[in-house]
Amino acid sequence: MPLPAAFHDIAKRVNNWGRWGPDDEIGTLNLITPEVVREAVATVRTGRRVPLALPLQQDGVQTGLIPGRVNPLHTMTAINHEIFGPGTVAHTDDAVTMGLQAATHWDGLTHVSHSGRLYNNRPADSVTAQGGAAFLGVEKLPPIVTRGVLLDVARVRAGSDGWLDAGHVVTPEDLDAAEEAAGTKVRAGDVVLVRTGQIRHYLAGDKQAYGFPSPGLSIRTPEWFHARDVAAVANDTLTFEMFPPEVPDLWLPVHALHLVEMGMLQGQNWNLEELARACAEEDRWSFLLSAMAEPFTGGSGTPVAPVAVL
Amino acid sequence: MPLPAAFHDIAKRVNNWGRWGPDDEIGTLNLITPEVVREAVATVRTGRRVPLALPLQQDGVQTGLIPGRVNPLHTMTAINHEIFGPGTVAHTDDAVTMGLQAATHWDGLTHVSHSGRLYNNRPADSVTAQGGAAFLGVEKLPPIVTRGVLLDVARVRAGSDGWLDAGHVVTPEDLDAAEEAAGTKVRAGDVVLVRTGQIRHYLAGDKQAYGFPSPGLSIRTPEWFHARDVAAVANDTLTFEMFPPEVPDLWLPVHALHLVEMGMLQGQNWNLEELARACAEEDRWSFLLSAMAEPFTGGSGTPVAPVAVL
Amino acid sequence: MPLPAAFHDIAKRVNNWGRWGPDDEIGTLNLITPEVVREAVATVRTGRRVPLALPLQQDGVQTGLIPGRVNPLHTMTAINHEIFGPGTVAHTDDAVTMGLQAATHWDGLTHVSHSGRLYNNRPADSVTAQGGAAFLGVEKLPPIVTRGVLLDVARVRAGSDGWLDAGHVVTPEDLDAAEEAAGTKVRAGDVVLVRTGQIRHYLAGDKQAYGFPSPGLSIRTPEWFHARDVAAVANDTLTFEMFPPEVPDLWLPVHALHLVEMGMLQGQNWNLEELARACAEEDRWSFLLSAMAEPFTGGSGTPVAPVAVL
Amino acid sequence: MPLPAAFHDIAKRVNNWGRWGPDDEIGTLNLITPEVVREAVATVRTGRRVPLALPLQQDGVQTGLIPGRVNPLHTMTAINHEIFGPGTVAHTDDAVTMGLQAATHWDGLTHVSHSGRLYNNRPADSVTAQGGAAFLGVEKLPPIVTRGVLLDVARVRAGSDGWLDAGHVVTPEDLDAAEEAAGTKVRAGDVVLVRTGQIRHYLAGDKQAYGFPSPGLSIRTPEWFHARDVAAVANDTLTFEMFPPEVPDLWLPVHALHLVEMGMLQGQNWNLEELARACAEEDRWSFLLSAMAEPFTGGSGTPVAPVAVL
């Protein structure tokens, strides 16, 4: 069953293939220019730092629904080991096994494909078991330090202590309303953080409710982001877009539009709760954001420990 | 064999136990205040971003010498999987197994102990196989965004294309010289990056030469950092300090002074080559540094993808 | 809270410390002599082979209840990789991460300790993060090939299609009844397989019901096994013994008696369903059993792929 | 570059596709019939058990040459953890990450493909990252318990304390000579163990020498095995066949003939040293062999802990 015309119509309008040359592997991160970085830095007022990552632990957000996407297994490989003899300085080491998309993460540009293609017309089969992503791997991403803007849709639609219902499709109109409430215009090179409040289920101990049904970004929002030339988008859900899907039988269309058509990273499982409080307290919804990819060679995703500096 | 008096004498002078209260678990990261962050942000001029992490890959810096500290094993758990049926959007996922101290990383405060103690007098046996670090775990670290200063000892001592010999002990006098060459004073809350050039061996394909013998920080340098109230120190070696050790049979004294006595993070395997070139080009050796810990619950270390913004 | 007198009374009666010398690390596996092996071989009549392991897969028996005991994560590290050039023979490789006690396994002799001690008076702290089990590791176990006897308690107590209720404590009287029904006497060096039928829950897709509450071996059964000088015991449950425990607040007493006091391996999550059918069809309840430990150096347990040859 | 005619000529002669039906997924293991098992059991004389697996440890045979084929990383997930409170029975758990082909192992039938095909004409692309081997996975293998025959080519060609040179191609004539020296005829359903002595390099601490150059089985030997309807073949080398290859630029032909054409498992890194001594002592070169695959769902290989019972 091919993807429907409704998808392809949007795809054409947001497509960035070739925009930064035939060899481009970083997509909309091209939009983070030195000037954008300087402007991002200029947003800092108080120096308040807000971390956005969930703890990396076995009791993470994954429930086993997605085979292979395992929560972090943290193990010790040495504990107070007096490797140089009794009474010497002792060392402790640890190791981890985890899915790169399991916790707070960026979806890399190879995380989804459609019609056999990746962003910038790379063949999907350029991703292999032995090498991972031959093109578009996360190790090639430039440093992600830019202006962040929080679009607190939960606050706008459900009040300052509220969150969106599981069936809430986040629309361009929601984004407009949140942007207006924020009093700042989203600009080229920004990373937009869309808060739904859904992560409160996980923080309250209910992983199942967190996973799905879930509110998420509408198939109509990629055009909104495209029009503003956003560098990347992240939110506080497991699925990013609606799940079950907004359009029956059309699965992961927003993933495909963002990653394949636009070449734009997506972030998931970002904890925006403290940030929402901080922004509300300071009545300021833009900030310096650092959200560095861990450079896994050939990686289709990467854990990220983002920080907002207000 | 207990640690020698020479160690304990220094330990007394640099000890920070109790300085931030009996329950403190973050040590010198307390020194990164909002004011420090604002000043750090104010160092940015051009918006140039320089990443400092090595690629995370199986062909990493580890040689097998340290059991359990394994290079990243990156594996695919799905490749273009049309999970929702033929013709649908396909997903690709990956997973990793790696030592937390294997690549570009921060040593967490529990990474070494001596005399049965960790920083702030926590018992070493509070680290367990089942829970990792009950205290002082890397998940408790505040966001590491502050001013960075590059002390390019290699440049000062060996010229702009040079690097330090394997037997070179980086002394306080070396740091003084590099600080003077940098034209900026190291201040409270800074993260100091000390460049030896040793990582060029790895970048040139010679892991064995990279590992050891290695130049590294002298046992006399912790007092230098302590006097300036540095927040953390990182360099471009596998061992951080001299290896074989500066004082015969005194193993890892700098680790013990930094981590246990001072409560100060150390960074290792940081690639400072591009940064050195950038700083030389701009003739400016301080910058905004973001070097976020991945918040592994109970972790004794963490991979880090640092970025300098000039 | 120390272990109760009721435990210690039994412990004294079944204790094997010193029985095979102060340096012994294999416990009751000493009882598998060449003669026992020859007799085991002599039980084979038809050559019918019955495997007893569950598939090793992510959808395994673990539910996340026991932190760290993760189901197998099977990943591909190469798929049809023409490593020597196009058109050459291509190779496929895979890797796994798993808990050694996660699937069908043997508990090694260091899997539990009590009062700071392991079997044969080894100190519990001889197990370390850096080396695993310094003594009693599974790599030291001799080949486990001996006579197996199926004691089908489920059949005896619940009929040929039945299984034991969750609250059923398997008593010495149950074992006597099953032994009598089997028409064979348990002998020194035998491995006894005790069938409860509990694993049917897992095979039917209900992991939660499989886990607990669970029938299991009574605290009174170690004496039964000790009296017969059994080499090892395995069953078809996750917990081996009753869970919740038979004696309130006395957790894992059977583990402690078998592993610590007797030095006797335990097997868990063994699939005895096909074997029960085969034994019933052939009306013969003893057979040649091969159940080799994978020799993980320092291991406290090991997956096992047992086979019964009838 | 397609495979040469020399390969295809042999391939035609040894091909077993369709022999056990179009749906067969176990190949020559079909040859282990109940009668073969009974005869295997009948070879046991003394009950002496000889294990054939190398220890599973980080210091294993892999040198990093084959990306992803990692030596076992054994980590502790709990050490003497009093999970139910102080003074209770404490538990110790461990976990492992390892390549399935890293240590003593069976190559599964999907371990190599050629010309896009697997054994029995299955498409090579039926192996996927998300599911592993859809067909021919090691979880489908029947229990491998049969007669084993040691063909001690090292002894025949290099004397009782000798081993084959790195450049020694093991030919059908070598096998004939070893079979004659053994005084037993290889029969249908046997597993043949071919000893070269190469593993002595690893046992002596020289992994590099063990790896390659290596003696190994000639491209002419599959016909020898085919003519005798052997069930499987294992040896004591890393590469199984000659490395560098016997025929220049023809890589892994024996793998392709055994696995793809014949549907016959191969074993590698089997430690045959103790077995060779035992056979020489008892002057008997056949025995009962148990060499169970660990049933990894979708696995292309499996660690194995084989045992010979003499």
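Every chain is named by a letter (A, B, C and D) in the order it is written, and numbering of its residues begins at 1.
The criterion applied here is as follows: a contact is a pair of C-beta atoms (placed from the backbone, for glycine too) under 8 Å apart; a residue touches a chain by one contact, two chains touch by 3 or more.
Bear in mind the structure is a predicted one, so any value in this text is a computation, not a measurement.
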Excluding subunit B, groups that stay connected where the other chains sit: one piece
Please report how far subunit B has to rotate so that its Cα atoms sit on those of subunit D, a copy of the same sequence, as a value between 0 and 180° in steps of 5. 180
Between the Cα centroids of subunit B and subunit C the separation in whole angstrom comes to 45
I'd like to verify one number: the distance from the centre of subunit A to the centre of subunit B, where each centre is the average of its C-alpha atoms, in whole angstrom. 27
Per-residue multi-chain contacts in subunit B, two or more chains: 67-68, 70, 73, 75-79, 83, 92, 95, 97, 128-130
Report the residues of subunit A in contact with subunit C in the complex, numbered from low to high. 58-59, 64, 67-68, 70, 73, 75-79, 81, 83, 92, 97, 128-130
Seen from subunit B, its contact residues with subunit A in the complex are 1-3, 33-38, 41, 44, 46-51, 53-57, 66-70, 72, 74-80, 83-101, 110-114, 124-125, 127-129, 132-133, 139, 142-143, 145, 251-253, 255-256, 288, 290, 292-301, 303, 305-307, 309
